[in-house]
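Each of the next two complexes has subunit A plus one other chain: subunit B in the first, subunit C in the second.
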Partner chain A sequence: MFEAIAFYLFAALTIVMFTITVMTSQALYALTAMAAGMIFISAFFFILGADFLGAIQIIVYTGAVMAIYAFGMMFFDTTRNVVEKRSNPRFVVVLGALAAVLVVFIVLAPIVTTNLNANYPIDLAVGNSQAIGMVLFTKYLVPFELAAVMLLVAMIAGIVLAGKKMDKSLTLMTEEDIALMHDSFTHESTQEEAH
Partner chain B sequence: MEITLTHYLVLSTVLFAIGLIGVMRRKNLLMLFFATEILLNAVNIGMAAISHYRGDYTGQMFAFFIIAIAASEVAVGLGLLIVWYKRTGKIDLDQMTSMRG
Partner chain C sequence: MDMAFIIETIVKIVVILLVFSALAGLGTYFERKVLAFMQRRLGPMHVGPFGLLQVAADGIKLFTKEDIIPQNVVKPIFKIAPVITAATAFMAAAAIPFWPQFTVFGYTVHPIVADVNIGILYVLGVMAIGLYGPLLGGMASANKFSLISAARSAAVFISYEVISGLSLLAPLMLVGSLSLIDINNYQAGGIGNWIVWSQPVAFILFWIAAFAETGRTPFHLVANDHEIIDGFGTEYSGMRWGLFFIGEYANMFFISFVIAIIFLGGFGDGSIAGAFQLLLKVAFFFFFFLWTRAAWPDVRPDQLMWLCWKVLMPIAVINVVITGLVMMF
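Coming up: the complex of A and B.
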C-alpha cells in the first residue's frame, strides 16, 4: 500500500518536473526542475531496493552533473532567448511515429521473453552495497576499469576544451569587444587555413 | 494495488517520451543536453525495475555504467559547447551550419 502511494506520488512529481524541463523557455527553471526530477528518480531506486544506485544517483546527478551544468551556464548568456522555430513539421511527425513504434517494441520485449534466468541472482543475506561491490569487482571488473579510463579521458577533454582563453571574461566585456575578439578569431582561423 | 514491473516500464516509457519531445523541439543546445539526461534517466529506472523484479544484479550494473557515460558525456559536451560559444557567441542548433549539411 505504502509502496503504491510512494510510486504514484514520485511518478507524478518526476513527470511534472521533467515536463517543466522540456517545455520551459528559461534555462534556469529547466536546470532547477531537472535537479529536482533527478532527486525524485532516486526515490524509485530506494523503493526498488537498489540503495547504492539511489545514493549514486543523488551524488552524481544532483551533485556533479548539475554543478557542471550550473558552472557551464555561467559561460553562456542565458538571458538571451534562442528562437525555437519549427521549420519542417513533416520531419517531426515522421520522427515521432518512428519513435512511437520503437517504444512499443521496447515495452513488448519483456512480455515476449518470459524464460529468462538470473545471471547474478539477488542474495538477500548481504546488503545491497556489499553485493553490488562483489558483482562489480568480480564479474564486471573490465567494464569498470574501462569506465574509469573513459571518465579520465572525459575529464582531460573537459579541462582542455573549457580551459582555453580562460583569461578573457565574456560577461565583463562590451558587445563591441566580443565582436572584435570574434573577428580576430575568424582572422586567425583564415590565416591558419591559408598556411 | 500492487506495483508490478509493468508500472515501472510504463513510467520509464513516459519519461523517455518526454525526453524525446525535448530532443525534437529544442534548438538551444544546452536544453538539448538536458533532454538527453532525461532519456538516460528514464532508461535507468527501467534497468533498476527489471533488476528488482527478475532478481538479478545485471540491471543495476548497467545503470551504473549508464551513469558513468552520462557524466563523461556532460563533461565533453559542455566543453565543446563552451568552445563553440566562445568562437561564435551562439548556442543555437540551427546556426551550426559550418559543415553545410
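Coming up: the complex of A and C.
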C-alpha cells in the first residue's frame, strides 16, 4: 500500500514539476521545477529497491542542474519573465504532440507485447552497488570506457576553450598591466578578423 | 510493514528533529561563547545564567519578527529557498547512525531512521541538495550582492563536492561497503583499526571539504563578511533567515557525525563507552569549526578555487590510485 501511495504521490509531483518547466516563461521557475523534478524521479528508484541508482540520480542531477543555473544567470535577468518569440505556434503544437505520442509508444511497446523481463534482477545476496559494478565492468565495459574517454575529451576541450590567459591572475596585476593586456588582446582579435 | 515499525520511525524522526533543532540553537550560543573567550570578550551574559537564555531570546525574536518579502523578488522561490536548506539538512540525517543499538524494556532500538545500504552516498547527495537554498535565495532576491553571493556559493559547493567524493573513495575501497554501519563495524576493533591511520590524507581532505560544504569560516564565501552584508541572506528577515541558520548549524553537526563515523571509529563496538566516545568526537569536530572561525581569516575566492582544483583534487586522485595499487598487490 505504501509503495502505491509513494508511487502516485511522486508521479504526480514529477509530472507537475516538468509541466511547470515547459509552460512557464520565468527562467527561475523553470530551472527550479526541473531540479525538483529530477530529484523526485529518484524516489522511483528507491521504490524499486535500486538504492544506488536513486542516490546517484540525486547527486548527478543536483550538480548538472546547478550548471544550467549558471547559464540562466548569464543569459537572463532571472527575476523577470522571458519574452519568447513564437512565430508558428501551430507547428510547435503538432510537433510536440507527435513527439509525446512517439515517446508513449516507445515506452508502451515492450509492456504491451509482454516482452519486458529483467536481464539482471536484483540479487539480495549481492549489494546494489556491487551488482551494478559487476555488470558495468564485464558486459558493458566498452561503452563505459568509451563514455569515460568522451568525457575526458570534452573536459580537455573545455579547458582549452576557456583557458586563454589562465596563467595570468587579474587580481595580482596593476591597472596599467591589465589595460596593456586588454589592448594587445583586442588588437590580436581585430587582426584575426582582417585575415 | 507493521504498525510498530511505522510508529517507531515517526518517533525517531520527531526526536531527531527536536534534538537537532535545539542543538542548532545551542550551537549559536556555544559559537558566541567560544569566539568570545578566544577574543578576550565575555560573549552573551545578560539573559539568564551565563547568558544561557540568550538562545531563547533569539528564538522569540526570530519567530515574532515581521516576515518581510521585498517588492521585486520572485516570491515563491524566495519563500521556499530557506525551507530547502533546513529540510534537506534534516533529510540527510535519516541515514546517519547516531548511536549504537540499545535495548529499552526488552525492545531493541536502532537509532537510525533508514538503514539503507548506500548510506554515505545518500547523506552526501541530500546534503548537496541543501546548497540550492543559498543559490535560489540569492537568485530570487533581486539584489546584485545576493546574486553575486549565490553564484559564488554555487561555484564553491560544486568544486568541493568533487573533493569530498574523491577523498571518500579511498576509505570506501578499503571497507567495501557504502553503509555507514558497515564502515563503523569495520573499525570496531579499537583505536588501532581507525581508518584515519590507514587513510590520513583522505581524512584531512574530507575535513577541509566539510568546511567548504557547510560554508564555515576559512571558506565562508557564502555570506560575504568583507562586503559587510549577509550575501544571499541580505533580503531575508525573521524566521526565513532563521531557517538558513538552523540548516547551517544542523549541517555542521551532521557532517561532524559523518567524519567521526567514517574516520575515527564511530561508536566502536557498540558499548555505552563507545557511544559516549562518539559524542565526544562529534563535540570535538564541532568545536574545531568554531576554533578555526576564531583563528583564521577568510580566503579569497580565487585562492579557494586554486586550492580545490590545483592542490586538493590531484592529491585526492593520487591517494585513490595509491590505495588501489596497495590493495591489488
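What to note about this one:
In this text, the second predicted complex is superposed on the first by the 118 of 195 C-alpha atoms of A that agree within 3 Å, B and C clash if a C-alpha of one lies under 4 Å from a C-alpha of the other, contacts with A are read in each partner's own complex, and residues count from 1 in each chain.
By definition in this document, contacts are C-beta pairs under 8 Å (C-beta built on N, C-alpha and C of every residue); 3 or more make two chains touch, one makes a residue touch a chain.
Keep in mind that what you see is a predicted model, and the values were worked out from it rather than measured.
By the touch criterion stated above, A:Met155 is placed in contact with subunit B alone, subunit C being left untouched.
When the two structures are aligned on the shared chain, A:Ala70 is found in touch with subunit C, with no touch to subunit B. Of the two partner chains placed around the shared chain by superposition, neither subunit B nor subunit C is touched by A:Leu13. Shared-chain residue A:Asp51: touches subunit C; no touch with subunit B. In the superposed model, A:Tyr29 lies in contact with subunit C only, and not with subunit B. A simple residue count on subunit A separates subunit B from subunit C, and the partner touching more is B. In the superposed model, A:Ala131 makes contact with subunit B only, not with subunit C.
Within subunit A, the residues touched by subunit B in the first complex and by subunit C in the second are 52, 56, 69, 72-73, 78. Those residues of subunit A that touch subunit B in the complex are listed here as 1, 3-4, 7, 11, 14-15, 18-19, 21-22, 27, 30-31, 34, 37-38, 41, 44-45, 48-50, 52-53, 56-57, 60-61, 64-65, 68-69, 72-73, 75-78, 82-87, 92, 95-96, 99, 103, 106-107, 110, 116, 118-122, 131-132, 135-136, 139-140, 143, 147, 150-151, 153-155, 157-162, 164-165, 170, 178, 182, 185.
Listed in rising order, the residues of subunit A touching subunit C in the complex are 2, 26, 28-29, 32, 35, 39, 51-52, 55-56, 58-59, 62-63, 66-67, 69-70, 72-73, 78-79, 127-129, 169, 171. For subunit B in complex with subunit A, the touching residues are 1-3, 5, 7-11, 13-22, 24-28, 30-31, 33-35, 37-38, 41, 44-45, 48-52, 54-58, 60-61, 63-65, 67-76, 78-83, 85-89, 91-92, 94. Of all residues in subunit C, only 1, 72-74, 76-77, 116-118, 121-122, 124-126, 128-129, 131-132, 135-136, 139-140, 142, 147, 150-151, 154, 157-158, 161, 177-178, 300, 302 touch subunit A in the complex they form.
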